[in-house]
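Per-chain numbering from 1; labels A, B, C and D assigned in written order.
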Amino acid sequence: MSHNTFGHMFRVTTFGESHGVALGCVVDGCPSRIPLTADEIQRDLDRRRPGQSKYTTQRQEPDQVKILSGVMEHDGRQVTTGTPIALLIENTDQRSKDYSEIKDKFRPGHADFTYEAKYGLRDYRGGGRSSARETAARVAAGAVARKIIPDVTVRAALVQMGPHKIDRANWDWDEVGRNPFFCPDKAKAEFFADYLDDIRKNGSSIGAVVEVVAEGVPAGWGAPIYGKLDSDLAAALMSINAVKGVEIGAGFGAAELHGEDNADEMRSSSSNVGNDGPVFLSNHAGGILGGISTGQAVVARFAVKPTSSILTPRRTIDRSGADTDILTKGRHDPCVGIRAVPVGEAMMACVLADHFLRHRGQAGS
Amino acid sequence: MSHNTFGHMFRVTTFGESHGVALGCVVDGCPSRIPLTADEIQRDLDRRRPGQSKYTTQRQEPDQVKILSGVMEHDGRQVTTGTPIALLIENTDQRSKDYSEIKDKFRPGHADFTYEAKYGLRDYRGGGRSSARETAARVAAGAVARKIIPDVTVRAALVQMGPHKIDRANWDWDEVGRNPFFCPDKAKAEFFADYLDDIRKNGSSIGAVVEVVAEGVPAGWGAPIYGKLDSDLAAALMSINAVKGVEIGAGFGAAELHGEDNADEMRSSSSNVGNDGPVFLSNHAGGILGGISTGQAVVARFAVKPTSSILTPRRTIDRSGADTDILTKGRHDPCVGIRAVPVGEAMMACVLADHFLRHRGQAGS
Amino acid sequence: MSHNTFGHMFRVTTFGESHGVALGCVVDGCPSRIPLTADEIQRDLDRRRPGQSKYTTQRQEPDQVKILSGVMEHDGRQVTTGTPIALLIENTDQRSKDYSEIKDKFRPGHADFTYEAKYGLRDYRGGGRSSARETAARVAAGAVARKIIPDVTVRAALVQMGPHKIDRANWDWDEVGRNPFFCPDKAKAEFFADYLDDIRKNGSSIGAVVEVVAEGVPAGWGAPIYGKLDSDLAAALMSINAVKGVEIGAGFGAAELHGEDNADEMRSSSSNVGNDGPVFLSNHAGGILGGISTGQAVVARFAVKPTSSILTPRRTIDRSGADTDILTKGRHDPCVGIRAVPVGEAMMACVLADHFLRHRGQAGS
Amino acid sequence: MSHNTFGHMFRVTTFGESHGVALGCVVDGCPSRIPLTADEIQRDLDRRRPGQSKYTTQRQEPDQVKILSGVMEHDGRQVTTGTPIALLIENTDQRSKDYSEIKDKFRPGHADFTYEAKYGLRDYRGGGRSSARETAARVAAGAVARKIIPDVTVRAALVQMGPHKIDRANWDWDEVGRNPFFCPDKAKAEFFADYLDDIRKNGSSIGAVVEVVAEGVPAGWGAPIYGKLDSDLAAALMSINAVKGVEIGAGFGAAELHGEDNADEMRSSSSNVGNDGPVFLSNHAGGILGGISTGQAVVARFAVKPTSSILTPRRTIDRSGADTDILTKGRHDPCVGIRAVPVGEAMMACVLADHFLRHRGQAGS
C-alpha cells in the first residue's frame, strides 16, 4: 500500500497539510556516507518556493528545511547514516482568513467534493493535504535523491503554456534559470511574461507542459513489465497535483509514426565511454526500451491543468446538495505548471535513485 | 518491490515468456464467494487472441486458460475461495524458426539491447518476457477483476490510428465488437481497413491511441498523493508493451485550457441515484479529482507506438558492437495498438478492483 | 521494502536517533473521523517514559508528543482526516558526555559492530537509531491504532524476570499499573523489587518475558500463509529492541504436547454474542488458527535479553581491530524488559489495526 | 500487502491447495545468469516429500517440479534470465474420499472454523490452502534462493520431539541425512524411532522443535528496526504451518541470563578471512545484533505443534453450530515437525537471499 509513500528501495513518505503546523517527509533507504547538508536541500526548495514573482502565489513561505534525523558528522563532514532522513518544513504563513465561503461549497476542479465523498470531511483550509504545498516535501526528497546518483543530471523546463509551445531550436538550459517561467526559450519566455500577466489580471489561469530530462543514466536501470522505469515515472509524475498526462520520448506523437520512423537506429561507437553501448541515431524512445534505460537521455513530459482557483464565479453545489455559485479568492498561481518544474525534476530524481538501488541489488553493480 | 507484480489488495503477479512452456498469473486478494469460471476468463482472452484477422499477428495460439487454484464448488456453482487464483495459459505455437538473425543483433525499438545491458543475456526467442504475449496474463487477471466490481463497466476502444482520429460524434460502443479494430466509429473503421492493409503490405507498422472508459465507479475510490487513482492508472497503462503516453480526461489538452474552461461545474441532482453526488456539467477531469473518483466516468487514453518489427532493413549493431543491418521477419502486428484495447480494459479493471478493496478497507464501505 | 516502515493498510514509518533533534513517526492509512488528541497518545507514552523509577534509565525525557498533521476540528472535536498523521517527539536530555570510550570500541551485545560493518559508520551517541528511544514512536503509533479498534483491549504484562516466573493464579490486570514492573502478580512484583535492585547495584542486568493479550478480536482477522496474523505478530514483536524470541499461545510448550492435549476443543454457545462462534474449551492456539483469529483472546509472549550496557568490564576489539576492554557507564535499564511492556502492547495494537483494515478490504466487514 | 507473497527483492508468491490441480510458486527478483535446473530443485523437494517413511503421511506424491519460465540455455547451460521463475508441482494423489465428515464439522486445532469465519466457506478437502502441501512451494523457492547465495550453507535439524531434547554434544550434521527424523543426534534418533511409533500406533501426534543454522553469512546483512534480519526470519518461520514459536540464538533462554553472560565478547583475529570481523567468544546473539548479521552462524529455532488430525474423538461443533464429535481419519504425519525441517531451511534461505540483494542495493556490495 502506498497512499503517502512512493519508491521501493529509495522510499519517500510525505505528510502535512497546507495550513497545518508543518509538512515534511521521511526518506528511507538512502545509502550511508553520502555528504548531505540542509543547505543543499534548501537550494532546490528555493527554486520551488512561492512568492518569488508575480506569476506565482503571493503566499510567503520561507520553506526552511530542517534535517531531523539520519545524518551525522563523519570524517569532518555531515553525511547520511543509512537510517531514515526526516525532513521538516514548518508552515509560517497560514493567513487567518474567512473560510466560510469554501467550507461549505465544493470548488469546481478541486478535490473538495471527492475528499468529502471519501472521508466524510475535508480540510477546507487551503486544500489541506491536496495543496500544492505538499510538493515542497517532494522537492526536499528529490534533493537527497540527486546525491545518490551524482553522475546523473536531472533538469526540467516549461515547454508549453496554454497553446503556445517553445521553439525547440532556441533551447538553452542556462536560460531556464533566468526567467520566472523555467522556460528554455528566451523569446518565448518574454512572450509568456505578457501573456500570463494578462491571464493573471483577468483572474483566470492557464495550463502548461513541463519536460524533464535526465542525462547520465547508464543502460540497464529499470525492470520489465510492472517495474518498468517508464511505468514508475508515469506514476510519479501523474501523482503531482494538477497533472493530467504523462508521456515518454515521442509520447503521443508516437501514435502517428510508422515503425521505420519511430524505432531508434543504432551505430557502433568506439569512442563510447563507460557502458560500451551503441550510439542511437534518434531518441523517440525517450531513453527507455522494454522498461529499461538505454543509456540515452531519459525524457518525460507532463501536462498540468490550469489552476482551478480563479476569480470568475462558477456553478457548484454546497454540502447540503443545493445549487450555488463560488468565486475563489486568495493567493493562487495563474499557471501552476511553472512551479511544477522543480517538482518534476524531484520526482524524476527519486525514481532514478530508486531504480539505481534496485538495479544494484539485483544485478550487482 | 514489484518487478512482476502489480496492485496492492488486488495483486497480480505474472510470469512466462513468448516461447516458453506457458505463461500465466497469480491473482491474490480476491474476495471469496465470487462466481468465477474459466469460460468467463476465456471470453476476455478470446478478444485479445492473435490470429483472428489479417490485421494482427498470424501466430496461432488458442490461449486456453486453466484455473489451477483458488476456486471450488459451493452451493452449486464454482466460486472463489479468497486464496490465490493461479491461471495458466500454455504456449502451443512456438514455431521452431531460425533465430540466428536476431540472436546476435539488437532490433531497433525492441528491448534487445536493454535486456542484454541489464541481465547480460536475453531470451531472443520472440522477445522473451517482453513479448506482447505477456498481456494475455493481464487480460486473464482483468477478467477476475471485473467480477469483483460487477457494477462497473469497463470498455475500451481504438480512437486513433496514425494521424487519423475517429469522429467522436459517431461513437457507438456496439460498433467496437463489429470491426477488427475495436473502433467505435463505423466510418473510420472502414477507412482503417484499407489504411492498415496498405501499411501491412508495405511491411511497415503504425501507432495508435486507445481510450478506456469505466462507468459506474462511485465517488470516493482512490487516495491522495501517491495512491492516486490516476497515478495508479498511469503506471498500469504505461506498463503495457509499446505504450509511450497516458492521459486522464482532458489530458494534454488541459494544458491549453483556461481555468474557467477546464474545471467541471456542478449542479444539484435530486434524481441522482446511489451516491448523492452532484451532476457534473462536463468531464475534463476524466472522473478523478485529487486522485479520488468523482462518480463520473473514469476516462483514460494511452498512446501505442508502432510495432518495431518491420520488413524494412534498419541500422543496428550486433553483440560484438559492430555495425550491421537487420530486417525483422516473422508474424507481427502491423498495428499493435489494436490488441492493446482489451489489455487496456484489463488494466483499468485491475486498478479499479484494487482501489475498491483499498477504499473498503480504509473507509468501511 | 520496509526498513523503517511496518504494516500494510495501517502503516507506520518511524525516524530518529537517540541523540538527534527529534524522533517520531508517520501513521498512514488511518480511517477518517476517528477522535484523536495528543493527550490520548501522551497517556501511552507516559507509561513507557524513562526515569520514572530506579528500575529504569535515569535519562529524563518528557517525551511530549506533537501531532503535526492528519487531524482537524470537526463537529466540535479533533478527529483524523484520513491523511498521514505525523507525530513528533523532541529529544531534550541528550546529555553531553564523553563518547570517546564507545566511539572507537564495539560494545558486546550492542549493534555497534554490525552497524559499522553495514554502513561503514555508526552513530555512537546513545546507540543512534538502535536506541530503545525509537520505541517511543511505536508507542505513539500504537495509541492511534487502539482508536481504530475500540472494541479490542490490548494489554501486556511482565511474566518473568530472569528465571523467576509469575504465579499465574495470582494474575490481576489491575496490579499491572500499581508496580514499576508491569507485573500482574503482586507477590512476585514485591520479590522483583529486591531482586532487581540487587542486580542494578551490582552493575548487572537481567532478561525478561512479556505477555501481550488482545481481547475482543473477532474471528476472521488475519490471512493464510504469508499474511498470517501470527506471522505479522512475530515480525512486529521480534523487531522490538533486545527481543530474541516470540511465541503464540502454547508456543514452545506446544512442542511437548500430544495432539489431543493441544488442539482446542469447541462447544456450541447459544449465548455467544457477536460472531456466532464456538466456545473454545482451551486456548493453546493463542487465538489464532491457520493465521486467522478464532475469536478467543490473542496471546503472544516475547523474550527480552538483558541490557548489554553493564558496569562489568568486557572483552572486545576497537575499530582498528585491536583487543581491548570496555565498561559501559551511563544511564541504563537494569531490565529493559520492563519498558518493553507498553511497546509490546503498541506493536500488537498496530498489527491488529492493520489486519482489521485488511480484512475489511477483502471481506467487506 | 502480502497474503501469499513474501520477500522484497527476492519475492516468492505461492498458490495452490491440497486437493487442487497443482500448486507452485513464482520466484521474482532472482539475478540473471545463475545456473538452475529442475533437478537441483527436485533434490530439496525430495527431502520434504511425503510417504518416505512410516513416520510421515502415506500420501504418495512424486512432487515433480516443472520450471515454467525464467530460465534459458546460455553458454551451454541452463541459467536464470532475471525474469520470474514459475515453478509448478502437480497434485496426483488427491485420493477421492468421503469428505462428508469434515465438510460440515470444524476440526479442533485446524483452520476449519477460522476460514469459514473469514471467507464464508472453506476448501474442506485436505485442508485446502492451509494444507502442509503448500510448503512444497516454499522448498522449491528455497532451492532457488540457495543458488543466489552459494557461499552460505543453510541446514536444519530436529532438536526436540515432545519433551525429549537431543544431546548437543552428539551433534553430527552428517547424521541428519541418515535417519527419518532429520535428527543430528544418532542416539536420540534411535529413541525417536520407538517413541514416535508408539504415538503413531496410538493415533496420536506430538510436537517438535527444529533448529536452522546458516553458516557463511557475512557481517552486514539485515537492516535496523522493521527490516531486521531476525524480524524477517520470525515472520518467515512463523508462517510455516503449525509453528507456534520462533527464537534466535539464546532465544527464550536469554530471558534468564544476566548481561555479562549474554553479550557475546569479541577478540581480534588476524587470521580472520574475508570480512575483518572480530572473533566472537560465544553466540547467544544467534548471529544477529540490531537486526544485522554479525558474521557468526545465524541460528533460529521454531516450535511445531502436534498434528491436530488424530484418531481420538474430539469435541467440536458443526456448521449449524450444534455440538458434535469428530475423529480425523486419513493420512497424517504423527510428528509434522519432521517434514518442517527442509521447510525451515527453505525459509531461512529465502530470507537470506532477500537480504543479500537488499543489502547489495543499499550498500553496493
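Following the convention adopted for this analysis, a contact is a pair of C-beta atoms (placed from the backbone, for glycine too) under 8 Å apart; a residue touches a chain by one contact, two chains touch by 3 or more.
The structure displayed is predicted, hence computed values, not measured ones.
Among the other chains, A has the CA centre that is most remote from the centre of subunit D. When the interfaces A-B and B-C are ranked by how many C-beta pairs touch across them, A-B comes first. Repeated interface, listed pairs C-D, A-C or A-D, reference B-D: A-C, with more than half of the contact pairs matching by residue number.
Separating the centre of subunit A from that of subunit B, both taken as means of CA atoms, is a distance of 26 Å. With centres taken as mean Cα positions, subunit C sits 38 Å from subunit A.
A straight line joining the Cα centres of subunit B and subunit C is 45 Å long. Counting partner chains per residue, subunit B shows two or more touched chains at residues 1, 3-5, 8-9, 14, 29, 32, 82-83, 118-119, 129, 224, 358, 363. By the touch criterion given at the top, residues 1, 3-5, 8-9, 11, 13-17, 20-24, 26, 28-29, 32-33, 66-70, 72, 74, 79, 81-86, 88, 118-123, 128-129 of subunit C touch subunit A in their complex. By the touch rule above, subunit A contacts subunit B in their complex via residues 1-6, 8-9, 14, 106-111, 113-115, 117-119, 129-130, 134, 160-163, 199, 204-209, 218-228, 230-239, 244-268, 275-278, 281, 284-286, 288-295, 303-310, 312, 314-317, 321-323, 337, 358-359, 363. Interface residues of subunit A, counted against subunit D in their complex, comprise 1, 8-9, 29, 31-32, 82-83, 224, 357-358, 360-364.
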